[in-house]
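Think of it as A, B and C in the order they're written, each chain with its own count starting at 1.
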Amino acid sequence: MTSEAADSAEAAGAIAPAADPGFLQRYGGTIEYVLIPGAALVGALAVFGIFVMLFGKNPLDLYFYMYQGAFGTWFSWQNTLTRAAPLILTALCTALPAQLGMVIIGGEGALLIGALSATSIALALQGMPPLVVQIAMVIAGVVGGGLWIMLSGALRQYRGVNETISSLLLVYIGLAILNHLVEGAMRDPASLNKPSTREIGAANMIGSIPGTDVHWGLVFGLIAAIASYILIYHTVFGFAARVAGGNIRAAKIVGLGVSKLILTVCFLAGGAAGLAGMVEVAAVQGRTNANLAAGYGFTGILVAFLARQNPLAIIPVAILLGGISASGGLLQRRLGLPDASVLVLQGIIFVFVLASDALYGRIGFLKGKS
Amino acid sequence: MDFGRISRRHLLQGGAALTLGAAAGVRPAFAADTTIGFIYVGSRDDYGYNQAHAQGAAALKKIPGLKVVEEEKVPETDAVEKTIESMINLDGATLLFPTSFGYYNPHMIKMANKYPKLRFEHCGGLWSDKDPKNAGSYFGYIDEAQYISGVVAGLTSKSSKLGFVAAKPIPQVLRNINAFELGAKSVNPKATTQVIFTGDWSMPVKEAEATNSLIDQGVDVLTCHVDGPKTMVENAARRGAFVCGYHVNQSPLAPKAYLTGAEWNWEALYPKFVKMIATGEGIPNFYRGGLKEEIVKTSPYGEAVSAEARKAADEAKAKFLSAEGFAIFKGGLVDNKGKTVIPAGTDRGQKDPELEKMDYLVEGVIGATS
Amino acid sequence: MADGSIGLWTVPLAVLGGAIRVSTPFLFVSLGECITERSGRINLGLEGTLVMGAMSAYGISYVTGSPWLGVLAAGITGALLGALHAGICSLPRVNDVAVGIALMLFGTGLAFYLGKPLIEPTAPRLPAIDFGWWSDVPQVRAALRVNVLFLIGVALAPILYWAFRTTRWGLLIRTAGESSDAARAMGHSVLLIRLRATMVGGFLAGIGGSFLSLFYPGSWNEGLSSGQGITAVALVIFARWDPLLCLWASLAFGGAAALGPALQSVGVTSGYHLFNAAPYILTLAIMIITCSPKRTLTGAPAELSITR
């Protein structure tokens, strides 16, 4: 059994009502899910503190500026949430297939194709009412990204091609297609020194949540994450997916349509990342160009693993990582740390959280008698 | 956005202000809390585009009363908006330099509208009168320096075959390629320039392969327009070819092979900008210039440059510096497909907006724009 | 031709030269990954190892003046990262694919962080051996300027092929990869075998990185690898975990990287973005053609998480 499958089985266990309602037995699992990643995070921050200390910086300053840059002011919060928005969606691209035991790391490709599809439809529908264009963009983004990752799922199911590798290769291929079109067939002749498609038009932009600078992508992300959670843990479909994730053969024996499961889940996963691409176009850039390949898809993988592939946990983890990248600028400016320090910190956190997987079910006082 | 919309009026404004700027020699006096924010798209140690800007920022740090904050590797997404706001809100920056082309629209425009009392200076030369008045965009006619590199290259090459490693076929790059070829042809009518596009701004393996391919074709002097010319310079020098640098002076990498180079002169321009603000005269919204205005410069000649080449290059430089200036792109210009791109009798001076739309390679350049 | 140009011959020559120049990092990473995966573990983090190797080789070569010390340092750095990977993966229920991605991020970040002061200086490079002495054509001579690391890599492929089949170590690694129970029954620690295999894999990947910074393209900067490490890991899968096929595949990828610029230099100019993506399209196409849903891949180690 893969570890994700083990996780999801445990998660199911944690949610199912236990026969014996002893507190620790009932909630021990849930407490573990907060305590262990929390401890891993603290450990990672400590190691990073030591790392910057080696370069003559004061780790207490580091923690202070990280807090200030990420959560210290209302502005910092908005900065953090804006950066978290695309990460929630791209993380779902890894987390949903993980329920089936698949490791998809190609969210970046789905994001680019989603953005390209959304832009194309918006340009095709110029002159229509903005709401129509926006809805069409959402559909196009989801379908474009969804089909892109579904391709990986189909290759795995029908040709036995490893989905991790194929989804990664599709990132590079997607980027090449985007560049080819943006510098060729779809290029706005007026976009001289920054080859781009034509703009979708100010009226078709989706704008910000009233009273904030945070764009609507955050709301899209929250809805998608919650919907995914319900789908996985509270529907028959989700149950079937988790069974199949645990054991494909068992799933076949009980008559589950594994092909359909794989294709649907991959479509939804790619759709989430494609939606992130649509949001980048409709809320930020206003058109498609190479700027869209900003690495949200790759950071999303990190978010999904840190959230242990749980769609609800993705929300706080995305905010945490959004906060880290929001505070990265302050670390550069106040502490003189290079930009790569954010990468180093992300790497350390990732390593700690993964290593902490070994601790589940092993903390004495949380162990119920089962 | 883009150059197409630049009206003659701005150009006149720019020109008038340039003269004023040169006249202002007053010692600046600043309140102790003036903070200037610099934002780079790549690493500020890239030995290329971003390093040139960082050298300009370093020149400002020497002026008493100024505080400079810097952030590197800021992608051309809403991340740059957040970085600008963070510099304003957390560092108190009042003058901002987002130095990458793609920062302008929509990101910097949005911020300039939101903070109308602050000053924004973008590198790219994009301002039009629809844009906010507190925003500005400056750029240098670095093709003048490329023309001089071409003169030196044309007289140094034994095969009369020159090579150009370029990132993307966009007007700024095409202008440099064409200027290089026209400079070479002005002293060596047989000179041709072969161009290879790598497809992106930083692709070291592709740049090295392009360098080797060009040399295999008999090219013996190379230059480039990519973000970090180090790869091209070192690999060409290893194969015994001569090189002309770009962005900053790369002669320490290959002192024997380095002829000259087209460099930015931000360390002269930025203090000038600050003076303009201090004297109350302000920076013109649209600000462009070349060798004469000290926005670009050429690297000192390398040891391989013959006396004849030095003389010819110095003469060309003198023409650019003269009061009437010198038009690189003169009437009767034919592209490499045989089409007349500038009709006889109409010289296109440096400030001609038509040149900003360049989509051709001149006769003598081997290569194609698509 | 009299003017020193070789016209259309540039293309095959560039592909040949590219195969020799560009393939070495692919070769080292894929051979290293081959050893690791044969032992039943996948290390996707070799991209980070490659970049770390490139940076440390450049730094050590610059500081000590000896590029060979740089190569050694790159190998050691790679082995340490490999040990870290193996150490974390040996904990129960830890997913090796995820750890690989984590270490990719960590290795790349650390290399960028520590490598900032190394972008501008020039470090001593590895020497080249001139195999083109017999030719009068300078282009041929240039294409055949070969680095010793390439030769070592080429020699390593058949040696590994032989070692997997006939030596005790080869047998142990394969046993650990095919059935950890069998290895345990033989009285060996599977974790120890995998630790060593991952360290050797990291060592080779680190050396692959040193080739990038010390020979070709031959300097340190942050765009140096542009995904070559991760491509090499994919390459192992379509090379069927066979060191000899890794060699051919690496040469093909190297040649493919040279194809785009070479075609442009003779006048084929359209669609260079698609040419640049050729290695990835090629890999995907070959995987689609050669994989089958009905059986696990021939040659696939049974214990490997991604092929189950």
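In this section, a contact is a pair of C-beta atoms (placed from the backbone, for glycine too) under 8 Å apart; a residue touches a chain by one contact, two chains touch by 3 or more.
It should be emphasised that the depicted structure is a prediction, and the values quoted were computed from it without experimental measurement.
Asks: Which chain is most remote from chain C in terms of Cα centres?
Replies: Computed centres place B farthest from chain C.
Asks: State the pair with the higher C-beta contact count; candidates are A-B and B-C.
Replies: If we tally the contacting C-beta pairs, B-C comes out ahead.
Asks: Could you give the separation in Å between the centres of chain A and chain C, each centre being the mean of its C-alpha atoms?
Replies: About 29 Å, centre to centre.
Asks: Centroid of chain A to centroid of chain B, CA atoms only: how many Å?
Replies: One centre to the other, that is 38 Å.
Asks: So how far apart, in whole Å, are chain B and chain C when each is placed at the average of its C-alpha atoms?
Replies: 37
Asks: Taking each residue of chain A in turn, which ones touch at least two of the other chains?
Replies: 179, 183, 338-339
Asks: If you look at chain C, which of its residues touch at least two other chains?
Replies: Only 112, 116, 273, 276 qualify.
Asks: Going by the contact rule already set, what residues in chain B reach two or more other chains?
Replies: Residues 43, 199, 370.
Asks: Mind listing the chain B positions that touch chain A in their complex?
Replies: 1-4, 43, 69-79, 82-83, 85-87, 89-91, 101-102, 106, 124, 168-172, 199-200, 356-357, 370
Asks: What residues of chain B sit close enough to touch chain C in their complex?
Replies: 42-43, 45-47, 159, 161, 194, 196-199, 202-210, 212-218, 228, 230-231, 234-235, 238-239, 252-253, 366-368, 370
Asks: Give the list of chain C residues in touch with chain B in this complex.
Replies: 3-6, 10, 13-14, 17-18, 21-22, 112, 116-117, 119-120, 122, 139, 142-143, 216-219, 221-224, 226, 228, 257-258, 260-262, 264-267, 269-270, 272-273, 276
Asks: Would you pull the chain A residues touching chain C in the complex into a rising list?
Replies: By the definition above, chain A touches chain C via 2-4, 6, 103, 105, 155, 157-162, 164-166, 168-170, 172-173, 175-176, 179-180, 183, 301-302, 305, 338-348, 350-351, 354-355, 357-358, 360.
Asks: For chain A, which residues are in contact with chain B within the complex?
Replies: Spelled out, the residues of chain A in touch with chain B are 68-69, 73, 75-76, 79, 82-83, 179, 183-184, 190-195, 213, 215, 280, 284-286, 289-292, 294-295, 325-326, 329-330, 332-333, 338-339.
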